[in-house]
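What follows is one structure encoded as structure tokens, with my remarks underneath.
Letters A, B, C, D and E name the chains as they come in the text, with residue numbers starting at 1 for each one.
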Amino acid sequence: MTSQPSIADENRDKLLSEPGVYGSFVALKVDKTWWLQTTENRATSLDSLSKVFETQTHGVAIDLYLLRGLTENVDFLIRVHSRNLLDNQKFILKVMNSRLGAYLDNVVTINGLTKSAIYLPSFLPELKKIMSQPSDPGPSRNPYVIVIPSLKDPTWWLAEKTDRTEMMREHTAATVEALPKVKRKLYHSTGLGEYDFIAYFETSRLDVFNELVIGLKKVTENRHNEKTTPVLLGTVISEKELLEFLK
Amino acid sequence: MTSQPSIADENRDKLLSEPGVYGSFVALKVDKTWWLQTTENRATSLDSLSKVFETQTHGVAIDLYLLRGLTENVDFLIRVHSRNLLDNQKFILKVMNSRLGAYLDNVVTINGLTKSAIYLPSFLPELKKIMSQPSDPGPSRNPYVIVIPSLKDPTWWLAEKTDRTEMMREHTAATVEALPKVKRKLYHSTGLGEYDFIAYFETSRLDVFNELVIGLKKVTENRHNEKTTPVLLGTVISEKELLEFLK
Amino acid sequence: MTSQPSIADENRDKLLSEPGVYGSFVALKVDKTWWLQTTENRATSLDSLSKVFETQTHGVAIDLYLLRGLTENVDFLIRVHSRNLLDNQKFILKVMNSRLGAYLDNVVTINGLTKSAIYLPSFLPELKKIMSQPSDPGPSRNPYVIVIPSLKDPTWWLAEKTDRTEMMREHTAATVEALPKVKRKLYHSTGLGEYDFIAYFETSRLDVFNELVIGLKKVTENRHNEKTTPVLLGTVISEKELLEFLK
Amino acid sequence: MTSQPSIADENRDKLLSEPGVYGSFVALKVDKTWWLQTTENRATSLDSLSKVFETQTHGVAIDLYLLRGLTENVDFLIRVHSRNLLDNQKFILKVMNSRLGAYLDNVVTINGLTKSAIYLPSFLPELKKIMSQPSDPGPSRNPYVIVIPSLKDPTWWLAEKTDRTEMMREHTAATVEALPKVKRKLYHSTGLGEYDFIAYFETSRLDVFNELVIGLKKVTENRHNEKTTPVLLGTVISEKELLEFLK
Amino acid sequence: MTSQPSIADENRDKLLSEPGVYGSFVALKVDKTWWLQTTENRATSLDSLSKVFETQTHGVAIDLYLLRGLTENVDFLIRVHSRNLLDNQKFILKVMNSRLGAYLDNVVTINGLTKSAIYLPSFLPELKKIMSQPSDPGPSRNPYVIVIPSLKDPTWWLAEKTDRTEMMREHTAATVEALPKVKRKLYHSTGLGEYDFIAYFETSRLDVFNELVIGLKKVTENRHNEKTTPVLLGTVISEKELLEFLK
């Protein structure tokens, strides 16, 4: 999807596709008093934020999303990828330490780790082949993003691996139809917070996505989700669009 | 219902009746410090809000509701309809970016999608006919609106479609008596947030509505609701009435 | 109980005893900054509140309660009765639009509807007779009030009416002993918010009331309560006492 | 325990030992802006609080506890005893109406009533004798206090009294070993809020107290606790120490 | 781990390894207005915090962690160890009473007690030997820390000790592989708050830690966890790094 903003191009493709990468989802709320500052003050503060983006270190990939208007009590989302979670923390610290930071509340933070597919190798070749096709969310300028964390129940974790594999095969099969229109990415979160997984979706077809999630609710694996909130729904934006929003 | 405010008349009827339309329910709380501003400051800020309503883009239909006094911790509700959720977001952003926006908290945001009826085609002709009658909530100037989101349990989604159809037939039959006095509209929300459905009601007869919901609690389908809060109860208002309230 | 404050005397008795009346319970928290205003500013603002009480429309009955010190995070409670919920909303709006309103948070709002007794007609004559005796909470100047909302589980609503009647008979019998000392009033709330019922109690004997509620917990009907919070505990006050408190 | 602060000595012993007394637990949070006031302003405000303690009415016993540092989101706790809950409310109102009150948030309020022992009379003489021994929490200057409210499930209340007595006998026996080091007091709260009981503990031996509560978790009665939060943990302080803390 | 900050070196090793020590975990949020103070004001306030660290009493060991960027709604964590919980409270009070304190919210506070191993003595010699090996989280400068409280269900506490021992043996065996890379410490919390245990982890290998927690979710003991939130994830920092962060 060429419209995807990419602040740090170097290593970006690898960070977004390889296992062993840490992803942090940090949803921020802008304090109302921000909008009562003078235009000059806001501009100065945004310069300081702009510098954070310009001077970021190598090996960190940043994505930005506008949540305001689509998700309650929160304004924008930063997704950070790097090979050390400490580098994710450092980037968020820089944002919070910018002059805008004094107006930001860190409402949601969820961290995860990418891994090689666990159940896929056991699937039938046909399903494996389908799953290896790239998805194309289409030409929309600001595609939608949905982030859904999930916590599995103890019964899930105590199930035999063959049973979990069968449930994941059924789960995966339910996604086949929507796959071409919905880009998906999975993070493992157990121990890094209260969730086990973070599912990240990009699409310009929310109707297809709605059908996809209905499909995922109709499989047995869904019985083992204890918590799947908060859902973050927003639109992909570039750094420039974020600065425009905050202006 | 002729008293219904309609800021954007063009396409409004289609947006409010056709499938494939996105509805956003955005409940806002006005910060207490708003009421401590000078009358002049408030008037200036409301001019800026007024302009948002005047200059709105085509293809977006707006409805306004006063929640204050009937629902806790929130003041008014905006319902936005359009064929692209992005346009709903853009409208809310404009409201939030108006000078009033610096005094608004976005307490509740729920998004849904209208679809063609799923279970209705399987119902008996008699029930289908009844369901196709328009309802008439009566001549009240500010009819009541009630918004109730719902999350279904996994057992609902894993049930056979024939079983779900039978449960929905029973559910629908329970609404027949109240139907003439209560206007209803359904949105599908799975994947767009934490709910599966948003039920929207308009009526000038809350006693009939109370009986309607009691009826809906007495059918089997009710066993599959995991969460049905927050309930938003308010009254339909026009743009002018909203500005009057905020003055 | 003669000590009961009655701001709107006209129609008051009927509004408090007949079916078809809407009751709104609005619990408000006074912002701490209120107490940092000058005495003059507070007096001016209270004049504006005083006018709200003086100029209220016909057909609305108001009761006031002091919650501060007995219920956390909230200061006082307004109970409004009228035949149209819209009139309840209008009264609360007037309070919120008074100059005090800029210091008020609407923490709890629960609305209900009075109806004719549903199960009572099926009870034995003896129990019916006992239930028709008026209660006398005694000569206390500021009797206690307790408001307890309740949400029933689906099993309750799906039970046969005969079973519900038997459970309500057992429930009612458990109240007989306390009845002379505790005044009770029931509101139906299904569909108007997240609860099914609002139980309102007045008494000067909290020890008797404690035994009453223990009795109500010991009957089968209690198994069908899904949620019975927040409980609001306070004391009946007059308009004058409210103004004194806020001075 | 001689170190116990006792602001109102008159009647104190009776209020703390007899049935028919109302106890209110009011946990307060001091707004951060308090600490930004000038030393003079704080001193003036504390004088006003000091007067509340000096002029308190007869028949009210007050205890103070410092929660800050041991319990989150709250700073100190006031326990009030009197024979009329109204007098407890009046005392808290005086504290809140002092000049400090404009910086206080009433985060937790739980009210209860002391009664004669319900199950004890049915216990064997040996256990009864043990239970009648006074406990001695030891010579610590600021002993620890722990307040744990509890809500019982419907099964508890619907059990036969003989079954509840047996469960309470097992519960009581589990406390025997810790009894000499932990002072206990029980309040009945049903109907006065969302809980059924408030358990109050004083000890200078938290290790013994930890073993005591583990013992109480290992008996059948524990299966019937639906909610046992918030737990308030703090240390007993005198009025002088409270004023010192707020200085 | 030599990088561990150690403000109070005296007795530190004993406090961190012996039973009978109280550990307090206090997570603090810095109010946004802190960052709007002048650099001079912040420096002065930090001097006052610095003095708290310098003048701390003997017998108290302090550790500091930066949570901002990795855990939502909170900025840094203080872990305090001493033989009397009162001394932990006193240290936190000193921090809160420093000039920085007026900008701090105490969002999370959990207290626990170290004890001799309860189940370990019953394990087979081989497992006991493995568990006695020290772990080495590696040479990272700011290793990660994870704090996970847990509340056990009544069934856990009512189980026979032999059954709990077998479940703990299975639990312990699941940790063997990760042990060399993850340092662990356990606190007992029953009665001191709403949890039964606090598990504290230090590691520079979050991928190994993720596998460790997955392993712990796959054993029967996991069925008896009723609540395991909030999870606090951060990085170990020195006093100097904390002051740098707040500058």
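The definition used in the following text is that contacts are C-beta pairs under 8 Å (C-beta built on N, C-alpha and C of every residue); 3 or more make two chains touch, one makes a residue touch a chain.
Please read all numbers here as calculations on a predicted model, not as lab measurements.
Undergrad: What's the minimum number of touch steps needed to get from subunit A to subunit D?
TA: Minimum number of steps from subunit A to subunit D: 2.
Undergrad: How many angstrom lie between the CA centroids of subunit B and subunit C, rounded to a whole number?
TA: 29
Undergrad: Would you mind pulling out the distance in Å between where the CA atoms of subunit C average out and where those of subunit E do?
TA: Inter-chain centre distance comes to 46 Å.
Undergrad: Based on the touch definition given at the start, go ahead and assign the chain network to line, ring, star, complete or other.
TA: Per interface graph, the chains form a ring.
Undergrad: Given the touch rule defined above, the chains close into a ring; going from subunit A first to subunit B, what order do they follow?
TA: Traced from subunit A through subunit B, the chains around the ring are A, B, C, D, E.
Undergrad: Report the residues of subunit E in contact with subunit A in the complex, numbered from low to high.
TA: 32-36, 66, 68-73, 140, 142, 144, 146, 148, 206-207, 209-210, 212-214, 217-220, 222-223, 225, 228-231, 233, 235, 245
Undergrad: For subunit A, which residues are in contact with subunit E within the complex?
TA: For subunit A paired with subunit E, touching residues are 20, 22, 24, 26, 31, 85-86, 88-93, 96-97, 101-109, 111, 113, 152, 154, 157-158, 188-194, 196.
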